[in-house]
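Reviewing the structure listed below.
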Amino acid sequence: MATSVHSPKPEIRKRGEQTPFRRFVSDFIVSRLAVLGLFVLGLVVLIAIFAPLLAPQNPYDLAQLDILDGMLQPGTVGGGGYPYWLGTDEQGRDMLSAIFFGLRISLFVGLGSAILAFVIGATLGLTAAYFGGKVDAAIMRWVDLQLSFPAILVALLILSLLGRGVLNVMLALVIVEWAYYARTARAAALVERGREYIEAAQCLALPTSRIVYRHLLPNCLPPLIVIGTMQVASAIALEATLSFLGLGVPVTEPSLGLLISNGYQFMLSGNYWVSFYPGVALLVTIVAINLVGDQLRDVLNPRLKT
Amino acid sequence: RTQELVVGSQGDPSLDPHYMYIGTNVAFWRHIYGSLTMHDEEGRIGPSLAESYKLVDDHTWEFRLRDDVKFEDGSTLSAEDVVYSLNRVKSLPGNPSPYTVRLESITKFEAVGPSTVRITTDAPNPYVPDNLSQVAIVPQKATDGKSTGDFTSEAGIGEYGPYRVSSFSPGDRLVLERNEDYWGEKPHWKRVTFRIMPNDASRVAALLAKDVDLIDFVPPSDVKRLLETPDVAVHDGPSTRMIVLQLNFRDGKVGALTDASGRPLEQNPLKDLRVRQAISKAVDRKAIVERIMNGAADVATQVAMPGMEGYDSDLTMEAADPNGARVLLAEAGYPEGFGISIACSNNRYPNDARVCQAVGQMLARAGLQPKVETQPMSVLLKAMQGGDFGLAMLGMGAQGTRPQTLGHIVHSVDRDAGYGGYNFGGYVNPALDKNIADAVVTLDGDQRDQLMREAVKRTAEEVVVLPLYFQRVLTASRADLTYTTDPTEETLTWRAKPASK
Amino acid sequence: MSHVPMVEILNVSKRFGKAPTFGDRLARRFGGYRPQKTVHAIDGVDLGIAKGQILGLVGESGCGKSTLGRIVAGIIPPTEGVVRWHGDNANRPSQVEVRRAKPGIQMIFQDPMSSLNPRMRVAEIVGEAPLVHGLVPRRDINAYVDEQLVRAGLDPAYKKRYPHQFSGGQRQRISIARALAVQPEFLVCDESVAALDVSIQAQVINLFMKLRDELNLTYLFISHDLGVVEHLSDRVAIMYLGRIVEEAPTEEIFAMANHPYTQSLLAAVPRIENRKSSFAVVKGEIPSPFSPPTGCHFHPRCPHAFARCRSERPAIRQIAASHFSACHLNDGSA
Amino acid sequence: MVSYLLRRLPQAALTMLVMSVVVFVGVFAIGNPVDILISPQATATERDNAIRALGLDLPIWQQYWSFLVNLFQGDVGRSFVFNVSALHLIMERLPATLELALASTLLGLVIGMPFGLYAGLAPNSRVSTSIMAGSILGFSLPSFWVGIVMIMLFSVHLGWLPSGGRGDTVYWLGARWSFLTTDGLAHMAMPVLNLALFQISMVIRLTRAGVREVILSDYVKFARAKGLTETRIILVHVLKNILIPVITVVGLNLGTVIAFAVVTETIFSWPGMGKLIIDSINVLDRPVIVAYLMLMVLMFVVINLLVDLAYMVLDPRVRLESR
Amino acid sequence: MTIEVRDLSTHFRLSAGTIKAVDGVSLSVRRGQILGLVGESGSGKTVTGFSIMRLVESPGFIAGGNILFQGTDLARISEEEMRRLRGNRIAMIFQDPMMTLNPVLRIDTQMVETIRAHEKTSREEALRRARDALGMVGIPSPEERLKAYPHQFSGGMRQRVAIAIAFLHKPDLIIADEPTTALDVTIQGQILAEVQKLTSKFGTSLIWISHDLSVVAALADEIAVMYAGRLVEQGKVGEVLDHPLHPYTKGLIDSVPNRNRRGAALNQIKGMTPSLADLPEGCSFRTRCPREAEICKQVPLTREWLHDHTARCHRPYHPTEDFT
């Protein structure tokens, strides 16, 4: 007797599965806060992209700046004939324009370094966990080494070897940050690789890279996303700290962090706006990134789905 | 508390007075030791441990010591102690920045009596008394055989100056107690605590929070705020430190001088006097002083300031003129300008990076394409040594009354004679060199001043460097204190006194 | 059955435990060393499975069934011994090469949740390997996956779901579908029906039998459910603490079990015919594999144990035509 | 345990060695410390003397070799700037940093865990959302900025806390500690909080994630089925399981806190290692940098070890396996 | 009557719709009796058990019905009152022995806390009782074993600890959710024997959830069969197994391997378990049923076809009908 498995009943099908994307969206919009975060983040990204069109001044063009317009209160009309809504810094840089342009650099540096560090760190961490043994030991000691190496020294080294520039700052941040991802990825992967679905994948003779990236990686993602959203924030903050220590992006092309650390020195002298508004912009950006990241993590985790 | 003064201090002291020659260290050892000579509030050199000194012949100085300088063990200062101290300066091991630069041209020092020291130089040296004001004299008995580390771990050895060390925790604080046996005028404060606070904002905050009574090296940007604060007083005075921009004179292609597309120019445009004049014209020193330095600086008209050797009151600094600069550039064959990098430190002088940017603005307005590069001093120095700059910022102090820019930047590199130590641009002008070298061996004051003035003038005409401004020494304190600043930037606590009501 | 064995396991052993590291060796030199714990998960096992045959492997939890299954499936290499495949003397490494081309041996795992990637949808879980191995063109994959799911008794409407959205039995069917999707010739079924309900179990067992008939599939069928093994297998091997203690054709095992362990196992099986019965109890816990008993592993629980059982490992020997057993009791009659 | 140690030690030593090579070459690449320190009017002889005095005249590999030789005699070198043993210099400032780092970690746990627990137990409540949003602040604002704002608020405007420095200290166990005096504690308050902000948010997030996972587990359900009170379930069953990842991450982070206390120490004039190392980096005081970094590596290894030990104490499953 | 469940419904509210995991289930267990609850995976056995314990977690909720435990309606009492009953008068044993014990707490902690959650006893007294309880379920040297952690126990021993915990307060009702499914036959035998002994000793009522008919046959007095959230048949074990009324029950019995000829295809129920979200109208077994008729499109009601033997079916096998 043959097994009689009935063909699927058509009525089950026709109720219509949601497309994955629609389901993702509907899961995501459960949190109003996250939607707000996404909206703000979208706005911030748009501002960053279209900064040259939106900003009244090109704050990176020294010829457009005039120190005679320096340190003007928010709202003052300067030599250019347009009002400085958020005031100016000591170089006569329109803070609004500087924030728009600074967002660009900060997002680029923050996201760029986080993504790169993620790719490198996760790959090494997964490799360490998947292969274990000597590979693991070597990678993890390297991680230890990296973690005990102060960011400042890395930045200084890169600065002196490669010179100053946004890309070099990013490089420094990647070098500093990849180890966090590696450590997290390894810890998660060690747990996951003991599970039988990895053995099943091996048994199906799937290529190792596929096992690592398609099977192991997605299951190690939640902690990595947590680290990731935090690292984007801390990359931006670290860039600010490097600027504070004089090792950040070039002064003539300030990022949000550099604006803050530049304005920091005016905090005590009452010219709050030089540091305050960039601080607010940075805060809003990072909060938005994290709200989105938090929700993303929950949505991407099928185990938490109800 | 009336007898106690807490100072928020930028520097972190080395208690060995012969180790690491940096300005802040001198201020610290002045509290606990002494020197043969000492400058007064105007910067004039006079006797101190030496009761008197005189020139015996062109090559010989003689110092007579006071007889009332008492050491801890009851003995008094002798010529042997002085000879010992000067020897110690020369032989202290492992010293990356020795005080020997202050013993320049001295070949011999000997005790010719219990309280007479004779010093011989290999060339006439008018600066000996000046130089010796920077060299500490320590008691031989107490310090012989002690290492630099011992001075720290034993919290001061053989102090006999106005104060003795009570305790020292590196990086945190240095506590001094008044030396009741001090030979000179006793300072007002029984107890002085230096709280070490390298961060500018932290010092200002500490003063505002009334955690300290006095802070040194006030950041210029905070002066306005402090002046507006009722219970705080700001004390400022001139400083001999001048901020200059050094130019690159190297031959051939220089990476930091480029055409519009970023390729190095075949010819170094800075070799053309008109270009240098244009750049100087472009820089609005007044605006920098007012806007960036918040008025806490004086526009430099030349490489010397009033009161210094070689100062020429006839030399003026023309007003900024970007259009005139453009015309000059066009004449020199650069109507579209050229790319020029401005290298500056960002952790060395007050507002260094900001000034640099402002200069960038001004050059841009004159049609150049400046590239402002600010770096920590450690990185900057390497770049400068490699000649990788168009303009580079440096701060130059004075040695007594002698403007250092001439010897260090304008004079061509002569390592053996100690000239041109910062001449990274490779400027060479034999006539000027001779001018400078002649001046420093001229014992007669007027004649020396004349020679110096010539050098200063030539430097200005040739636009060898771009003098920007002289810094001011900024100190702030509780409102009920008076303080007289020192042009050498030393923080000397006995200059702080309760204001008389 | 006298086929050439499709898979032959010769004197295979598997030990778990770390190889001593540099530090351990150093430590040993200074006397600070603790003996490393090793588990003899498999201890000198010989087995042969002929093409189209179903070998049932029965034993208690932790006795090494899954480990043996993994070795056969090529997921882990044996510490000692060889696994011969199609009579080739091919050992593992080259075997891996063979499997690269086509994953001919598939394993269906014990834990239905852990063996499914929780972040993949069913369609992907089942469809991934056939696509990677080029068994099905991309445009046909949907229909192919549906077919596999239906064959395993699952509604294809479920294929957009994640494993956690299924019950245990459904999950097991997903893994069966996944294994069958790569068209293997040999299936290692590790407790594949243990987690299923009786009605589904019947379907799956029927499915296995149908597949054997249609595709001439060969099975290593691991189970502790003697009822299922009895129904399905051609031969049965009984395992206790890493060793095969008895192996015989199915009828013979159930009719005339030789080894005392097999006998007590058979006695403990609940049968639907026995109502409100009291249970025959084999005394004692299963010993820890870290410190297995000396001699015959079963002797602490064996009602017939005598002195020799405590000291000497009984060899497995033939006691009847194609009936093998490892018990000292047989020596008297042999 | 012994074998574990013996296994880790050679690795640690190797890491330290690699570190020292990297630093040697790195600092060499940045520049020559003498050029930064020496007065410009120094003559060539003086400059050469200084360079020779610091041993910088030798080729880099020879400098490294003599460093190694000295290292095996227990000497990591003398600071160029202070002319005392670099190790001594660091050790002198280690307690200040250590007490800052430990206090902030403790604060992170004490504040972070309750908030995290709450946020995990009632994930959708308004308060939890606020906690989570608030925790973002902890790592999104640069700490120097937060530091100066704190000083302005608590020292300048309110006058509650001293603006910087270590305050009174007490000598104990061969080092001076601030936390044993009230004045010292007042001085510690702001730097500790400044440093703890990041930790607090991290602990909140970790705890919340842990709670949400553990709360779904069978053993928590079983605990409910046993009729335990919710309080006991949370404080014993849930908390003890969460403690494992939290301690691991917080422990590993301790090293990072120590290594990155630089900024906080600068702002609050805290005489710790961070300030020393940043100054040393600024003047390229290589012996101090090398000694500091090697010490950091060692510390990371030790912290890893302690974390592993803590792990063993907290998680009995690990305990058995490693024995 | 120890427990009487009337018309219990437990639903899960999901984004896709509401799932009726338990739909109008009524059952009752007398003192000292054992009820076997069988049914296939996903039929709602566990949810029924959790509903009685009031441990259904969001998004699930008890949608209706009464759970009368010794006269009190558990569905109506406060959470605190329920907590005092749990582990005390009603206990539960979970399916997976590996997951039910907290891995980081020692066995003694986990036992003592159960005792002290319901009784004011000294720690020593509680420890003594815990030790006795371990001894009772046949764990050798219980004194030392108390100090162990769960991972140091084998699965069978862990399940015995769980059983010991369940019996600590000599409860009136124990719900055992497939407690031997993860274990071996020999260990399963031991545990079944243990449970049998204890229930008869304490007069405990037992709801034994399983999908293994053979186990239930050997253990239970009564049997209740679930299908898709509904109870389809209930009666004495012998009655139901020998004379099943519901076609589903019969299908189940027929598919047990050793009731079939070896090697032949097993009798099986056609089709597959439907998703609870997509049940056919009327009788949910209708589409798989060999006896389907037009009437089955109406929801059948539970009816006592024979003495003490009920079924929810329009067209049950009549006991007189012959079947093989």
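Each chain gets a letter, A, B, C, D and E, in the order it is written, and its residues are counted from 1.
To be clear about the criterion, a residue touches a chain if its C-beta (ideal position, glycine included) is under 8 Å from a C-beta of that chain, and two chains touch if they have at least 3 such contacts.
Note that the structure is a prediction, hence the values are computed from the model and not measured.
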- What is the chain whose Cα centroid lies farthest from the Cα centroid of subunit D? E
- Note on the structure: Larger contact count among A-B and C-E belongs to C-E
- Where subunit A and subunit C are represented by their mean Cα positions, the distance between them in whole Å: 48
- CA centre of subunit A versus CA centre of subunit D: separation in Å? 23
- subunit B to subunit D: how many Å between their CA centres? 37
- Message: Counting only Cα atoms for the centres, state how far subunit B is from subunit C in Å.
- Response: 85
- Note on the structure: Expected list for subunit A, residues touching two or more other chains, is 1, 3, 5, 9, 12, 156, 160, 245, 264, 267-268
- Message: At least two partner chains per residue is the criterion; list those residues in subunit B.
- Response: 201, 205, 208, 347, 376, 378-379, 382
- Task: Among the residues of subunit E, pick out those that touch two or more other chains and give their numbers.
- Result: 265, 268, 272, 275, 278
- Given the complex with subunit D, which residues does subunit E contribute to the contact? 53, 55, 57, 83-88, 91-92, 94, 96, 99-106, 109, 113-114, 117-118, 149, 151-152, 162, 165
- Query: Once bound in the complex, which stretches of subunit C touch subunit E?
  - Reply: 60-62, 153-155, 157-158, 167-170, 194-203, 205-206, 209-210, 224-228, 230-232, 250-251, 264-265, 268-282, 285-286, 288
- State the interface residues of subunit D toward subunit E in the complex, per the touch definition above. 217-229, 232, 236-237, 240-241, 244, 314-317, 320
- What residues of subunit A sit close enough to touch subunit D in their complex? 33, 137, 141, 144-145, 147-153, 156-157, 160-161, 183, 187, 222-223, 226, 230, 233-234, 236-237, 240-241, 244-245, 257, 260-261, 264, 267-268, 275, 279, 282-283, 286-287, 290-291, 294, 304
- Where on subunit B is subunit A touching in the complex? 200-201, 204-205, 208, 219, 221-222, 224-225, 287-288, 291-292, 346-347, 353-354, 356-358, 360-361, 363-365, 370-376, 378-379, 382
